[in-house]
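Letters A, B, C and D mark the chains as written, and numbering starts fresh at 1 in each.
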Amino acid sequence: MTEHIIDPSTIEAENASRAADLHVDYDTLGERLDRRGVNIDAIKNKVAAFSVAVPSWGVGTGGTRFARFPGKGEPRDIFDKIEDCAVIAQLTQATKTVSLHIPWDKADPNRLKQAASRFNLGFDAMNSNTFSDAKGQLQSYKFGSLSAADKATRDQAIEHNLECIEIGKTIGSKALTVWIGDGSNFPGQVNFADQFGHYLDSMKSIYAALPDDWRLYTEHKMYEPAFYSTVVQDWGTNYLIARELGDKAYCLVDLGHHAPNVNIEMIVSRLAQFGKLGGFHFNDSKYGDDDLDAGSIDPYRLFLVFNELVDAETRYSDFHPAHMLDQSHNVTDPIESLMLSAADVQRAYAQALLVDREALKGAQDGNDALAATQALRLAYRTDVEPILAMARMEQGGAIDPLATYRASGYRAKVAEIRPEIAAGSSGIV
Amino acid sequence: MTEHIIDPSTIEAENASRAADLHVDYDTLGERLDRRGVNIDAIKNKVAAFSVAVPSWGVGTGGTRFARFPGKGEPRDIFDKIEDCAVIAQLTQATKTVSLHIPWDKADPNRLKQAASRFNLGFDAMNSNTFSDAKGQLQSYKFGSLSAADKATRDQAIEHNLECIEIGKTIGSKALTVWIGDGSNFPGQVNFADQFGHYLDSMKSIYAALPDDWRLYTEHKMYEPAFYSTVVQDWGTNYLIARELGDKAYCLVDLGHHAPNVNIEMIVSRLAQFGKLGGFHFNDSKYGDDDLDAGSIDPYRLFLVFNELVDAETRYSDFHPAHMLDQSHNVTDPIESLMLSAADVQRAYAQALLVDREALKGAQDGNDALAATQALRLAYRTDVEPILAMARMEQGGAIDPLATYRASGYRAKVAEIRPEIAAGSSGIV
Amino acid sequence: MTEHIIDPSTIEAENASRAADLHVDYDTLGERLDRRGVNIDAIKNKVAAFSVAVPSWGVGTGGTRFARFPGKGEPRDIFDKIEDCAVIAQLTQATKTVSLHIPWDKADPNRLKQAASRFNLGFDAMNSNTFSDAKGQLQSYKFGSLSAADKATRDQAIEHNLECIEIGKTIGSKALTVWIGDGSNFPGQVNFADQFGHYLDSMKSIYAALPDDWRLYTEHKMYEPAFYSTVVQDWGTNYLIARELGDKAYCLVDLGHHAPNVNIEMIVSRLAQFGKLGGFHFNDSKYGDDDLDAGSIDPYRLFLVFNELVDAETRYSDFHPAHMLDQSHNVTDPIESLMLSAADVQRAYAQALLVDREALKGAQDGNDALAATQALRLAYRTDVEPILAMARMEQGGAIDPLATYRASGYRAKVAEIRPEIAAGSSGIV
Amino acid sequence: MTEHIIDPSTIEAENASRAADLHVDYDTLGERLDRRGVNIDAIKNKVAAFSVAVPSWGVGTGGTRFARFPGKGEPRDIFDKIEDCAVIAQLTQATKTVSLHIPWDKADPNRLKQAASRFNLGFDAMNSNTFSDAKGQLQSYKFGSLSAADKATRDQAIEHNLECIEIGKTIGSKALTVWIGDGSNFPGQVNFADQFGHYLDSMKSIYAALPDDWRLYTEHKMYEPAFYSTVVQDWGTNYLIARELGDKAYCLVDLGHHAPNVNIEMIVSRLAQFGKLGGFHFNDSKYGDDDLDAGSIDPYRLFLVFNELVDAETRYSDFHPAHMLDQSHNVTDPIESLMLSAADVQRAYAQALLVDREALKGAQDGNDALAATQALRLAYRTDVEPILAMARMEQGGAIDPLATYRASGYRAKVAEIRPEIAAGSSGIV
């Protein structure tokens, strides 16, 4: 039986004050959708079945190279983090898995499994880390990891990824995500061809150890922490990697990892068309890899990404990309941000499901650009909040997760147990 | 025997006043390079053997959607254009071929051959045009050409490319360059997957007609004339195309066709490493596809591109990318800009040849980022103008092409023959 | 009495089939807003009073430097254009004025006034043009206009602006908008300080001729048609201009004229705070000055701009910025695009009016970032289409302007009268 | 008498092996410049008189939010930092001052003065820090400092800046530099007008305490650490600040703090023209605020900035902008990077001094864009290294600072005294 961290009576009380309005709104929306030939319950059921993973590191307060300002009740370890994830899952009913980051989340695998299953949580992809040095590590990643010029360093980085696979096997993960910061800060610092050759060789060693029912996700990023060049700098290089490695290798798309102005939804389409779309790290950005809350800056872009995903579902068999939030919460309570971000991802999905694809196709084939874009806008304009809220409520979640979370007093409670972290500056400028 | 448009005595007179200084500068530079273990004559010989093609459209004054301000003596047709190209070739000795654009340059192929061979000019890649409607054309390219939803439109665009190949065969071209403006201006206007499928199918038909000793170059561009999405938007899509088509298909890189901040030299390296670097459209840009003179905005970037090319020459067999200028001359005499741009491309090549590759490799392998980047900077800092000037002079060109061109009075002479074009606004805003 | 181009019975018939649903949707939305303490009729009245100007050039098909693909029934002159504008005004009831562009729209002022008043249209700001050469013009603007190095050229450009003011006085305009393309294509081509000095001097001459009840709007733009530098490149320079000129000088903001990633709503706030926000050219963009339909690419950004405007209304007295659409319609019927764009501007305004400003202020003062941003999102998520449609219907416009326009057959009718324009390429690449 | 950290005999020995070649290169360059009418010694003397400040934080290894990889012999405190700065000054003779950052560099002012004067170093601008929380600080800067909604927080931030002025007075600084990270991460989190109002009020309090012979520098930055909006986001806002505060307030330009593609040299010109150019933080960038070594990514841009400065010197009286390096050295020995960066700043200055300004002006006035840009290119192409090296040698510095530094064994020596810092990950992602 699933344990509940937030007392279900709190949720019930909060829902009680909102249920009547929700029913009215759901019904009137249902009627409007019915006019468009859409069955609201069918949409709601798809939304209810949708889940996005929460990364373990997301529940702690993030920071920048300038400073980090911790909040109250910061999780002390992976077990605290799992509890925070359980709160998110309970209130939103939209985040059924947790994604671990090694070495930070290393612990007895059986204890990990047990901790998660208490709350009926599963484990999503394993994340390795070779962008910083762990204590006691023999070789430094200062000049690269999987693509380093130095063989011993590459071997250490390979070994770390193999360990992540091992841990993942024990706890029931089915994927490894590899993102590295390798690159260079000066023209000439590395030879691009040699460095990429090293990277491919290292990845082949990791791929060879991947269980048959696993997937390997590689993630591209334009820059940061390297500021002149990055090994896996864009989807073009990412595609080359996935193709070189084999059928279990796929490309991961983080919405904040592209050059300014790039059309990301088109990249999604290309990768899907060529069978290499692995999944997403959802977040939003205005400038660079800002890791802001999904949908908080450009919600229409998030919708356009989901428009591609819904389209792809109808085109390609065995199409099931992974979904994960990957955000840095610097000025909000991470639990609050993650709850609303999960909802915003669901919102984009629900809106994409509303697109009249027959009308859209007709307009496209007839070169009726305006009618085509209006087919998208009509779906996007629809306020689907009643659908999301109904899906949550029917599964035991909160109609209003934010209000309910605040009403529960959870943060204050854990702040009593978890020690305050001194505000500190990284002093890195 | 090669005809000369500029009287050789003009060149001789201009060179005479500069030759003594050139010899001093060449010798003192030679001595400095000797200290670094570099033989200046070897560099000069490589520079002398280097050529970059001039596009026929480049010798006319360009413009923007806002206006075009023609200069005096604008070429009236392809034969005038060939004469202008001959002037550039004569003075710079760096531009041995002309690249035609169909339908604008359509003419009796034998007359074309004859016109070029008078000046010992060859023909570079053929360029098709399906980004605008030619007079009398049955189908419009308003909504796309090779990727259009409408089959008749696609067929017409294929047919046009086949015609370009036919013309090229007659005049001795060995390549076809395909750049299209197809894309969309609104989210939803096109289905990305369908559109790209159409494009690939069309290109396969064209590829099938390509002679065995030809190459097919496809060119990517982020945006413009389409402002929401473009079919061949980046090197990732361009690579997919070249791989789908086959061994004669290669990717063309225009330096102004990328997203802001993108590391272009790295794209050059990736394409070379995977055997798909076809060549370049050289120019420079600050904002978008500005088509400014090569090396006029960021000369170090041009050097870094050539640094990759020189590196690639030592790595890959059968590596011989095509070089062409592709610029829009809005405020200068196009002949002057093209002469100096050809020299700036040679300059970057000469500087890249000066890089001490052994020292560079040593620094890279030793993680000595500063020494590595200094190896590039030392080469780039070298003022190689005496090498370029000597290569020109020894082949009959001008030590100072700009001064010599101006002294020749060429522009005033053709302005007497070629009628003035009324300044006109396109009225497109 | 106002003439109607579209037969009112067509509108009535189209509205008849939609009115019942509209009433239901309006009422249910009203009820939801009521729960939030918002009176839907008050919002509707504000929306009904809102108007955005249509630029005369907007009703013709646009183009790029690569090509222009005219549609059927292109307006032949300013009188055709006024008729097209009247259709937009009739169906949307949101565009009460037309903005003229001289010299293209030059005609007998009395005839202009008469033509507009037939349809109860007024005239918005006058737009001068010195970015292209008009026939017969003595000095060319190839190297600049108001900021040119050559005094005769500057004087001619000043004179042209004075003429625009004169025309405007006759027809009842109350503002002059000055946008110039002056800049440079090469480092060193101009001296920045000298060029800006010339510009300021020229503008002072124009300002001196401005009637007391007029406003002078200057518009900044990052680049294009100049590709290295632009005289009025950003809001910083624009602000300096408005301050140097005097109290009647204001800054105009075109949403597509900024560097990538720039926070435009913040610029709006700064200009408003320092009393220099003149108004807007509405459109949307993904890459540069794409001139796409307002709200078609990033509708949330448009909302955030209006959020600033609604906030500013409560802060500053005498705050009444000008609103104009400035778009290029390359693949759609311009009338259709302008109708939907006017609605999308109204939509952003309506959504901004829904923001609970008290709750927002409370969240801001309490550093509750999440609650603050949710206050915006709640307003933005609201589908205000019933409010817009009701405002249109009640004023005699169409519930669904696009469907009604198509049903009216207007385009086909004018295509019979207005001759087809041959598809032509500008040949400028 | 000035103490020397590097044994002068080491410098002499290193110089001895290079002096003969240097004299040859200096003389042949002198001859070439003489042909252009330039006296090489005059240039050398200006270069010798030029100095750029070193920031105290620059001599420590930098990092990113992902990780920091310390090097050997990291300075432990401000006194170690001053010694590292003394090494840079001794070898380059180009960095005569150090810029302190409070609170990190807080120490007994008399000890500070003594430590610096031992090496004949002065103190440049004081830098306050309110972008991170110092230990024991009462109010947190999590939600802003000088612009925070909370008055107590603003007061604390003001107080800190007043303290910086006090320290600066004691040690002989003549300027305060204020850069804050205040902004927001979500639309709506702050009210732009209120926030800027708070900022201006706070700055007025600081300005009021500024001694008469001091300058106040404010620094704009587009983003980071705030990712939706930043209070002082661009030069437009920065100019408003300097104007609001008064005659002692100036704008500081950091080359990496602008939007993509922005023309920075033009901003330099505008600020100089309106009397508000305070100075520079030199570095280079490819993507964002990358803080890479000055001139390492786009050396021509650095030259174009100095081209404006040399031009401004001839135009404006009392023009003496401040120069400081502001870089983050993540993969190099910071001393090495700072030495070469100082030289690259001098290089740009020397090249700018070579521009034939009369010829340039003539080309500009004659609309000869090509000749104008060639006047810049000719100066930029000149390899001025012999001038820089001669200026260094004549003042007791090293012909080749990098080789001499490495030969001195300084880093190994301090690594014996200064304890190794454990590689650590910030764990902030």
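Going forward, a contact is a pair of C-beta atoms (placed from the backbone, for glycine too) under 8 Å apart; a residue touches a chain by one contact, two chains touch by 3 or more.
Note that the coordinates shown come from a computational prediction; the quantities given were computed from them, not determined experimentally.
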Check: Where the centre means the average of the CA atoms, what chain is farthest from subunit D?
Finding: C
Note to self: Count the C-beta contact pairs for B-D and for B-C, then tell me which is higher.
What the structure shows: B-C
Margin query: What's the distance between the Cα centroids of subunit B and subunit C, rounded to whole Å?
Written below: 39
Next item on the list: Indicate the residues of subunit D shared as contacts by at least two other chains.
Entry: 142-143, 184-187, 189, 222-223, 228, 260-261, 263, 286-287, 296-297, 300, 331-332, 367, 369-370, 373
Notebook entry, point to check: What part of subunit B is in contact with subunit A in the complex they form?
Noted result: 142-143, 149-150, 184-194, 196-197, 222-223, 228-229, 233-237, 239-240, 258-263, 265-267, 269-270, 272-274, 300, 304, 307-308, 311-312, 315, 360-361, 363-367, 369-370, 372-373, 375-376
Checklist line | Touching residues (chain side subunit C, partner subunit A) in the complex | finding: 21, 24-25, 28, 31-32, 35, 260-261, 263, 286-287, 296-301, 331-333, 336-337, 340, 367, 369-371, 373-374, 377, 380-383, 385, 402
Next item on the list: Would you tell me which residues of subunit C are touching subunit B in their complex?
Entry: 57, 62-69, 104, 129, 131-135, 137, 140-143, 181, 184-187, 189, 222-225, 227-228, 260, 285-288, 290-293, 296-297, 328, 330-332, 422-429
